[in-house]
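Take a look at these structures.
Below are two complexes that have chain A in common, paired first with chain B and then with chain C.
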Partner chain A sequence: MNAPARKLDIFDPATYPTRRDEEWKYSDLSRALREAPKAVGLSHIQAEVADFNGFYWHCAGDGQLGGLQEAVNQAKGRLYLDMGDFGTEGEVSGYQGEGHIRLGAGESLILLEDYTGAFDYAAHTTIHFELAEGASLIRVVILDEPETATSVRRSTVKTAPDSVYKQYVFATGAAFQRFETHVDHAGHGAVVEMNGAYLLKDKAHFDYTTRVRHAEIDGVTNQLIKGLVKDRATAVFQGRILVERGADGTDARMHHQSLMLNDGARVRAKPELEIYADDVQCAHGNTIGAMDEAALFFCQSRGMDEATARALLMQAFVLPVAEQIEDETVRDMVLNWIEHKAGGFYGL
Partner chain B sequence: MAAVKETIDTVQKLETYEHGFVSDIEMEYAPKGLNADIVRFISARKNEPEWMLEYRLAAFERWQSMDEPDWAKVNYQKVDYQDLYYYAAPKAKPKLNSLDEVDPELLAVYAKLGIPLKEQEVLAGVVGSPKYAVDAVFDSVSVVTTFKDELKKHGVIFCAISEAIREYPELVKQYLGTVVPVSDNYFAALNAAVFSDGSFVYVPEGVRCPMELSTYFRINAENTGQFERTLIIADKGAYVSYLEGCTAPMRDENQLHAAVVELVALEDAEIKYSTVQNWYPGDAEGKGGIYNFVTKRADCRGARSKVSWTQVETGSAVTWKYPSCILRGDDSVGEFYSIAVTNGMQQADTGTKMIHLGKNTRSRIIAKGISAGRSSSTYRGLVSAHAKASGSRNFTQCDSLLIGKTCASHTVPYVESDTASAQFEHEATTTRLSEDQLFYAQQRGLTQEEAVALLVNGFVRDVLQELPMEFAVEAQKLVAISLEGSVG
Partner chain C sequence: MTMLNIENLTVAVEDKTILKGLTLNVPAGEVHAIMGPNGAGKSTLGYTLAGRPNYEVSAGSATLNGEDLLEMEVHERAAAGLYLSFQYPLEIPGVPAMTFIRTALNSQRKLRGEDEMSAPEFLKEIRAIAKTLKIDADMLKRPLNVGFSGGEKKRMEVLQMALLKPKFLILDETDSGLDIDALKVVSDGVNALRAPDRGMLVITHYQRLLDHIKPDRIHILVDGKIVHSGGPELALELEAHGYDRYVNEAA
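For the complex of A and B:
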């Protein structure tokens, strides 16, 4: 199983990785979290089951990830996970939890994970996904956490023959935010997509780390990650595609594109390929740069003022990620969310 | 088709490693092992001034406190640093006045390797053929440097570094260790303590070096480590092109080669550094071969300076090196062109670092990796832009070709940007040889092996073009030979 290499217990500072750990080179948790957060007794009451835009609403915030499978069974294919974490002011509350979601043969699920929160908290959550033959999971993750938060969100995915796993992550960062996905591509002809977009400003830190292990033939992986970085924010993308010996016919592509809106922002990218089979097609691309002055000039020459032109170009940069979402309701929700969040970016 | 024909002929002619012979030459060794006394021994043997000995001893002390790094994607049996000879030199004749006094055995070695050590040989060649000066390093010492006088007329200093330490101490003091400091890494510290020989080049202001300079490194003695140290300085507006070639005999034991190469380019200067590395790669089972752990770095100190690294890596059991550029001067340019071919059980972890510090600095990386047999090749590179490096540009392309089911190829790029106006592009692909192209070539009458050689040469063409003419032809043959037996 392609599990996270490092054991992390948010209540034990001895397990915090530092920059010396290659996997955490660009995200220093031990600096972000100097001491263990306070364990919070779960007085939090599970919200009433409700309907949310046609989704089955399930509250799994504050690390309460025990009942996920039950929620999936109830959800009839559309599940909204409310991942709200509430901290306390002036003192860091700690949440940690682990959950499992398994989709049976041919089952499909649209999963919307909404991470929000308030005040000071440190969260470490892990969700394990297992897809049976022909199962399909569309997972849309919105990381809309407060700038005070420290959050490490991990997931592991195991595919089966002809299963489909599509992940879309949208993030605005936090004091420290890391989203990790470890995919065990273990099914013939399984398809995996891991896309993402980030909109980072002020001192936000967002780290998108993906690990894909192709162990079977004819696996497909596609990744498109795009983002805007402003002010003193830091964007990190670490991707690795590992193709095991014998995983012939693998088709893997990884693209990361970052737009830096001012000096002082930081982008760190490490897109890796590790390949032990020869009959494969693997490629990655990575670009980092400023806004295209020629495009800006073109828009202005058509009568747009500079602010509008910039806004248009920024939107045009990140929207393609959201536009790939097949489900219309979810897509619209995400597009609205981006529009709302991107508002803070346009004024320069 | 001429080139193809040539490749085929070479492949047929040469069965295995061409340069694997051992020469029986009377040698002088330092006692085995490494301690402060050995460092003193080496320094004394080279008649070094006191400051150099102190530099070495400080480095040795530093090295003792360091740990051997293990982050590269290579597996090898650790080196026993106490089981090596740190100094091995052909027994010295009283004093050499001319090439005629050099041990004829030694000259025979170079003749066999095809290296022209006699100036007249070069001159007697085809009319109009370019001249190039050679510094020949045999185990721990430089045996001869050609064309020194002619170069001196232009003010160019080209000599063994041990000679430079004695003759030009001010220049050496000013630049040695300023690009790769002693404490840079484990192997650099080791090298600083025990380095034996290598080349020193100084091209004065405004001079365009009139010929190609080259150094030919040969490891011959058993159980020795070779620790070459090369320092090249191009003063304002100067230009120099430098070539480096390496071979070693076939032996069952692994031998260590830990070199440090420092390049300094001042304002408007340009240095072109080409390497054809063909150390003995070990046999098909991975027995023997050279460990090539090298630190190469260029400092583009002045504005508008330019450094271009070109490397063809076909040899060595384990290669671990990253020729890098620190782009400090505004508008400076760094280039890295690389072909890494691994076959048999070879492992290569190589790439470059382009560190953009100055404004409008530009860099370009073209890396081609070819893995066959049970080998593994890794491209590892860093491109970074400092907050002040506004307007910096990088383009990176690394392509890997896999031949066979049992080889491996990895790409590990690091891209770090701290400035909005930097523009970094990176693309990488990994594939195998196209069946269609192979079929087409075979259908035209080429055998499978010839077809592979043809396609591979096409694959690495972008880099071969960057090599000086004479080297390009040799490198092309080398690539074909290295891949021999990798198909079918």
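For the complex of A and C:
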């Protein structure tokens, strides 16, 4: 669905999309990555089978995405994917890989994807998900990459009737960071959620692109994306929900809310609903604003200094996304992470 | 002894002069009411004392227990003991009422050089006060004021007063949005805070609130100035004859 004409190959600059590609208008990879990164041999060592807060721990960094399905089979419903990419200083290491995860009928998985790294690298990874009837996948993605990273993370999702696919993405951006999800919605009671929160500062760039295609009846899609942008950082949200002719009973809602904390911060939002069916319920809301000064004054009038009041309100702005996470352990981890990251926003 | 002392206060909002040399003194232990027609500057007075941005003071002074309020930052005024109860308390999405109040309380304590209140101590105190105000524990966990009724918001305001223990309270149209039962709960809560070392200024449009919170003195504010002051009987006179007489005098 609207994939670039040439398949992106991180090692071939001729395949890098540019601003002239409609899908990459606000995120120009060819500018971010002027030459091909250096292909490096496998630097990553598969950890011993380990436990991470009750999760089966699997290392899949440096583009090594081959063994995902086996990890899922071992994980007993709780899988932690350690997606650490390690670059080199002064030279860009390149990583690229694809993986597949399939959940059988009625199976469920809580998947925690933790993208971290160090030094200079360019990574392009893709995970293909397939959910059978009644399967449930809760996917929580932490994009906590270094400011030097170039990172393109893509996924395709094929759902089935009565399946549940929920995605929560939390990002702090990078030199270039794009998280892309393409969903083929099966309808017939299937539920898709693609939520997210971003906290961007300095020169960080984060692009959250979601594409959902409803071709069948009675499908539900919900999206809540909230973010904070300060300094000279850029947030991009491109969301498209396509409802094909005949996909009646579709219920699709998309909400994106962003706070720009100073002049110079940028938010590019392109929400799209394309509806060809008659009997559907669709809604989208997109707001980009500044902090509510009246609320700030209210907090201060009760005794909070300005920094404390701002921090409280900023955290409060993005927390509702994390609070929706069903699993308590993961939710607490994410809430702590946000609290930690929001710390960098206190001093203005 | 005078607690709140306002002399010749002149305030403009967006280049429009609203308060035009207002003078007012409220001694410790007393409750004073300010009544006046719409647009007289009643809310402006509350906001100016609390330090709302863009309220420009061009002349006059305002002190609380001898401390210059106008020189202080907003949060410093709160820590010094000033509490403004908003006519329309703001909704704070994502911040549980309990978190909001505890953050405010401990910020004030920190500024005053006091120890923070521990979580168990805070819980014990907030639960006890919430009970007297008929606020259930669930409401304390919900984001502050989000989806609360008018009565719930005002009870939440009284809860904060009772916990923050300010020296001086300004109640801005506390009766607006309240039915008679809620008005009683809120008034009882406010009356419980009357103390020899605490002053209050009750801003209201109607006499109704003053049946419940009985003032020691009433001041009539018209066109940015106090035009008349008197005892509690003034409220009844205003209820019977309206503000016309005073409006004409001011003009």
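Please note the rule applied: the second predicted complex is superposed on the first by the 340 of 348 C-alpha atoms of A that agree within 3 Å, B and C clash if a C-alpha of one lies under 4 Å from a C-alpha of the other, contacts with A are read in each partner's own complex, and residues count from 1 in each chain.
Convention: a contact is a pair of C-beta atoms (placed from the backbone, for glycine too) under 8 Å apart; a residue touches a chain by one contact, two chains touch by 3 or more.
All values derive from a computational prediction rather than experimental measurement.
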With both structures lined up on chain A, is it a clash or a fit for chain B and chain C?
-> fit
Using the touch definition from the top, say if A:Thr18 reaches chain B (first), chain C (second), both or neither.
-> neither
With the two complexes superposed on chain A, say which partner A:Gln69 touches: chain B (first), chain C (second), both, or neither.
-> neither
Inter-chain angle, chain B to chain C through the CA centre of chain A, in degrees rounded to a multiple of 10 | 80
Have a look and say if chain B or chain C is in touch with more residues of chain A.
-> B
First (chain B), second (chain C), both or neither touched by A:Asn336 | neither
With the two complexes superposed on chain A, say which partner A:Leu273 touches: chain B (first), chain C (second), both, or neither.
-> first
Please indicate which partner A:Thr287 is in contact with in the superposed arrangement: first for chain B, second for chain C, both, or neither.
-> first
When the two structures are overlaid on chain A, which partner does A:Gly264 contact: first (chain B), second (chain C), both, or neither?
-> first
After superposition on chain A, the shortest CA separation from chain B to chain C (Å) = 15
Counting only contacts in the complex, chain B reaches chain A at residues 71, 387, 390, 400, 402-432
In their complex, what parts of chain A are in touch with chain B?
-> 22, 245-246, 258, 260-290
Along chain C, where are the residues that touch chain A in the complex?
-> 50-53, 73-75, 77-79, 83-84, 86, 89-95, 99-101, 103-105, 107-108, 111, 143, 160, 164
Footprint of chain C on chain A - complex, ascending | 292-295, 297-306, 308-309, 312-313, 315-317, 319-320
